[in-house]
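See the structures that follow.
Next come two complexes built around chain A: one with chain B, the other with chain C.
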Partner chain A sequence: MDSNNDSFVVDGKLALPYQYFAGRTGSRFIIAIRDEKKIKGLECKKCNKVYVPPRATCEHCFCDIKDNWVDLDSTGTVTGFTVVRYEEPHHPVKAPFIQALVKLEGADTPFVHIVQGVPVDEMKTGLKVKAVFAEETTTTIMDISHFEPA
Partner chain B sequence: MSSGTDQKVTIADIFGSMESRVNPDGVKGVTCNCGYKITGEGGGEYTVTVKDGDVKVLEGIHSPDVTTTASAENWINITLGKLDATTAFTSGMIKIDGDMGVMGKAAMFFQKYRPPAPEVTIQDIFGSMESRVNPEGVKGVTCKCGYDITGDGGGQYTVSVDDGNVKVLEGIHEPDVTTTSNAQNWIDITLGKLDATTAFTSGMIKIEGDMGVLGKAAMFFKKYIPPGGEIEEQEELLMLPKVISVPQKFNTGPKMGKFLKGLIDKKLYANKCPECKRLQIPPREVCAECIVRADEFVEVGPDGIIQVLDITFFASPDPLTGESRETPYVSAHILLDGCKGHETLWHELNPANIKTAKKGDRVRPVWNENRTGSVSDILYYELIE
Partner chain C sequence: MARRVAICAVSQTKFVRNNTTQRFQEMELDVLESLREQVDIGFADEGGIGMSINVSNDVFDARTISDAPMTDVLGAHMGCEEKVDQDGAQAIIYGASAIMSGHCDAVLIIGHCRESQGQSRNMCTNLTFDPFFTRPVGLDYCSAAGFQAQAYLSKSGITEEQLAKIVVKSRENASKNPYTPEAPRVTVEDVMSSPMLCDPIRELHAYPVSDGAVGMILAAEDLAVKLTDTPVFFNGHGNNMDSFYLGDRDLTSNFALKGAAERAYKRAGITDPKTAFDIVEISDQYAYQYPMWLEGLGICDEGKAGELIDSDNANGPAINASGGMLAGNPLNLGGFVRAAEGAMQLMGKAGDRQVKGAKTALAHGVVGPAGQFHTVVILGSD
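Now for the complex of A and B:
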């Protein structure tokens, strides 16, 4: 009987193309950042909550809030963070970098973005930060380039 | 045009058009009164009375079985389908007093409301041109374009561009090029309902003079928006095309490994069942019939005869890319020399052979220059003339 000498391994790559649809609400959010350099949220007047990133339906009372747009300050507070220390091709910046939850002034929910301008080992929650808008826009959330200490 | 700006959706129009929108099946055998208190600007009070299928819409509230209270804005949005009635009710945007069961039926009383179409006229299209000039499009351009719009509501106009300066004149004044179209077609072209190139090639519009000028004219103006039609403007919706890349490893195992490695040396190996003596190509670990290990290899081919031909004219799109491969292509079962019965190898046939190839024809492999131990080491089989 043959040995397994004839066995070998074929390296391959499976490509899975897909399309991410931002939807009405997500599109308006990104477009406002791109065209107006403004971060907008959606407000539930009943629950008195402002959601950033915006969602069309209030997650507490489930009512439709898709038209209640409010402008937010581009400053906020870091409510949590992690330091990404490994390299991946899809990372927007070189590791190590700080990925933080930023709760904007006037918002009730935080959203994830990158904080720069703080040494990794000096990063703390509670840090006041402000958005730096990208000069070259890509019509993605990266039209906010990053957040930096306010 | 001033009258055009009135072409908005109003509560009066929604209720006023109800009698003409009655859905006979929806009101069949129904008798009830539904009151509507529409509050805020443009509101009003109405009663829809249904008497055994007979529908009247009255102003004011008249002994209703159920009364709906909503703001004019919300009621317009519900009517246009922009606001879901159930959501509006549960979130308190509309109030319903009385017999809720009646309301359930009321949703079926009428056919869908269609807002009055904004009235588009040739006068408005040409009249609004100067306000729609696209500075980029007319930069450095000097020309005169005549438009002879025929039929009901038509007229003659000349768009005169003098080094970027645009004037729209009535009448035809020494044009470089003249476009002739009937009013309806020109309105459709302006609204984007009719493709200008199609209209031209099909003779719906006629163009006389310097066609090159007309090519530029398409850039002279910004999009025409019909009076009161601003809400129709398309919103930008974002979509990101992405590709997930998944690294994979295919382990050949000893049998498939032997077969694939053989291709590098232009050799084709089948394996032989020790019991039934049949060949398998490509080889498998066991005989699929006898379920015993089949370790003996036999070199077959590489030439053979076509056993089965399958020509594909319409390829299914690859679910991974959404693209279809070039057609027609031929897949074939080839009985290699040394094989018999169903011991065929599946591969492709040179597309150039499609017309002549038939069952029983002798074929030989066309080898890939760079062979790596893959089925594509054979590009395809081709007919031996």
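Now for the complex of A and C:
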């Protein structure tokens, strides 16, 4: 271990194509965005909460809520955010960009998405935003392209 | 009554930005040899180590079953071999449970990580998000922390200067810690002018990328007192998992940390965490977490962490005498190194960073985005 002059590193890359099953609940949520430009939530009637992203079971009371779909407005309010200034290959857009928690009208849980159309240094919690739907589907949450000021 | 468990020996490597001279196995072998020099125990069926636990992560190691290449170092061939892949402090709980329940008398735990190995650790943590709703928007642990930092600073009133003081203090403490040789001293101005990563987290607010390994040997009390003159007892633990989606949580509530601490304090018989500990080691991956976690643990009252920072906590326990996570340690070893540091202090073997007469310690670990999962371990010299 005195010298590593004769040692080397080996380049590697983990790149394994996958097909993730989105599940019945997740698929229905994405299909509504893709085909109807409509964002839906799932309601727990016992806890009186509407969840986005959707889930089949309420994590608080463990009720089955998978059929309690409600239509949500595609406008909402930013409840939290950060400005991402570092570059990474997994970013959907070039830095700097805004990741924000958006609480849609009619939902109780905000979810994270991208906000554009606001200078990054002027971003504030409380901003009213509306969804801009993607022209091409990826059958993920990116079927909403981003949010912009309402 | 379950048997008592003690840490009999601890060891760690230096944590460096890029260890180009050792493989994972060699880092762990250094730790094993150091542990064996401290206590006379082997891997015999009778009276030896009955369970070996490896702490490692498949994505950071870029191979599946990251414990598999470690079995010879862990003495685990044809033995009882286990793996913990989340905060390493969980391995202490796992090992202690095996001893308390009587399944074995001694447990070896060694963990490793090379955060330098991947192109970026943010790419690794992006993979912890689900592939439909959260991964595509580019979330990783750094940006998730950005959301929490933004919300917490706004609620607590912690200032930029106070965040900078935390980093300055961490580096000052780390200068006395031989295991964090690459954490140079910085000034408040250095921190406040360092580039923004994700608002309001700056580069110097973030824990450094590092490579290293850490380990310990646990034993049942009757064996421990034969192996060492300085056993450190495992007196309680607790953990707690918050919701997965960031929007499902109140990011400033410390929900999971309070739950973990409450369980640990109850098991350890602690009624006032403000006065219960000589040593507090917390996993502050980002500077804002230092005040936030201290409030969650009840080391100071909610809203009072700013005062604690300004007063340098003169009348309280020694907090992160090691430099804490801000001075080093990969993600999955955070709580494990904190517990190792706590144990070294109680053994009186913490060198230049030794706190005189330390008898009780709290070690804290955290993994998951924006503090989703917290672990609290309580240690004592009796």
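In this text, the second predicted complex is superposed on the first by the 139 of 150 C-alpha atoms of A that agree within 3 Å, B and C clash if a C-alpha of one lies under 4 Å from a C-alpha of the other, contacts with A are read in each partner's own complex, and residues count from 1 in each chain.
Here is the rule we go by: a residue touches a chain if its C-beta (ideal position, glycine included) is under 8 Å from a C-beta of that chain, and two chains touch if they have at least 3 such contacts.
Since this is a predicted model, take the numbers as computed values, not measurements.
**Student:** Mind working out whether A:P110 is in touch with chain B, chain C, both or neither, as first, second, both or neither?
**Tutor:** Touch partner of A:P110: chain C, not chain B.
**Student:** Looking at the overlay, what does A:V78 touch: chain B (first), chain C (second), both, or neither?
**Tutor:** After superposition on chain A, A:V78 lies in contact with neither partner.
**Student:** Would you sort A:P53 into first (chain B), second (chain C), both or neither based on which partner it touches?
**Tutor:** second
**Student:** State whether A:L42 touches chain B only (first), chain C only (second), both chains, or neither.
**Tutor:** The answer is neither, since A:L42 touches no partner chain.
**Student:** Now for A:A131: first (chain B), second (chain C), both, or neither, which partner does it touch?
**Tutor:** In the superposition, A:A131 touches no partner, neither chain B nor chain C.
**Student:** A:I31 in the overlay: touching chain B, chain C, both, or neither? Say first, second, both or neither.
**Tutor:** first
**Student:** A:D11 in the overlay: touching chain B, chain C, both, or neither? Say first, second, both or neither.
**Tutor:** Touch partner of A:D11: chain B, not chain C.
**Student:** Quick one: is A:Y86 in contact with chain B, with chain C, with both, or with neither? Answer first, second, both or neither.
**Tutor:** Only chain C is touched by A:Y86; chain B is not.
**Student:** Which holds for A:T140: it touches chain B only (first), chain C only (second), both, or neither?
**Tutor:** After superposition on chain A, A:T140 lies in contact with both partners, chain B and chain C.
**Student:** Check chain A for residues that touch chain B in one structure and chain C in the other, and list them.
**Tutor:** The answer is residues 1, 4, 7, 9, 12, 14, 18, 20, 22, 26, 30, 140 of chain A.
**Student:** If you look only at chain A, which of its residues touch chain B in the complex?
**Tutor:** 1-24, 26-28, 30-31, 46, 61-64, 139-140
**Student:** What part of chain C is in contact with chain A in the complex they form?
**Tutor:** Interface residues on chain C, with respect to chain A: 20-22, 26, 59, 62, 119-120, 122-123, 126, 131-140, 142-143, 146-147, 149-151, 154, 195-199, 201, 243, 245-248, 251.
**Student:** Over in the complex, which chain A residues touch chain C? Could you list them?
**Tutor:** 1, 4, 7, 9, 12, 14, 18, 20, 22, 26, 30, 51-53, 59, 79-86, 88-93, 97, 99, 101, 103, 109-114, 125, 138, 140-142
**Student:** Show which residues of chain B lie in contact with chain A when the two form their complex.
**Tutor:** Going by the criterion above, the answer is residues 83-84, 87-88, 90-91, 235-255, 257-258, 260-261, 293, 295, 297, 320-322, 373-374.
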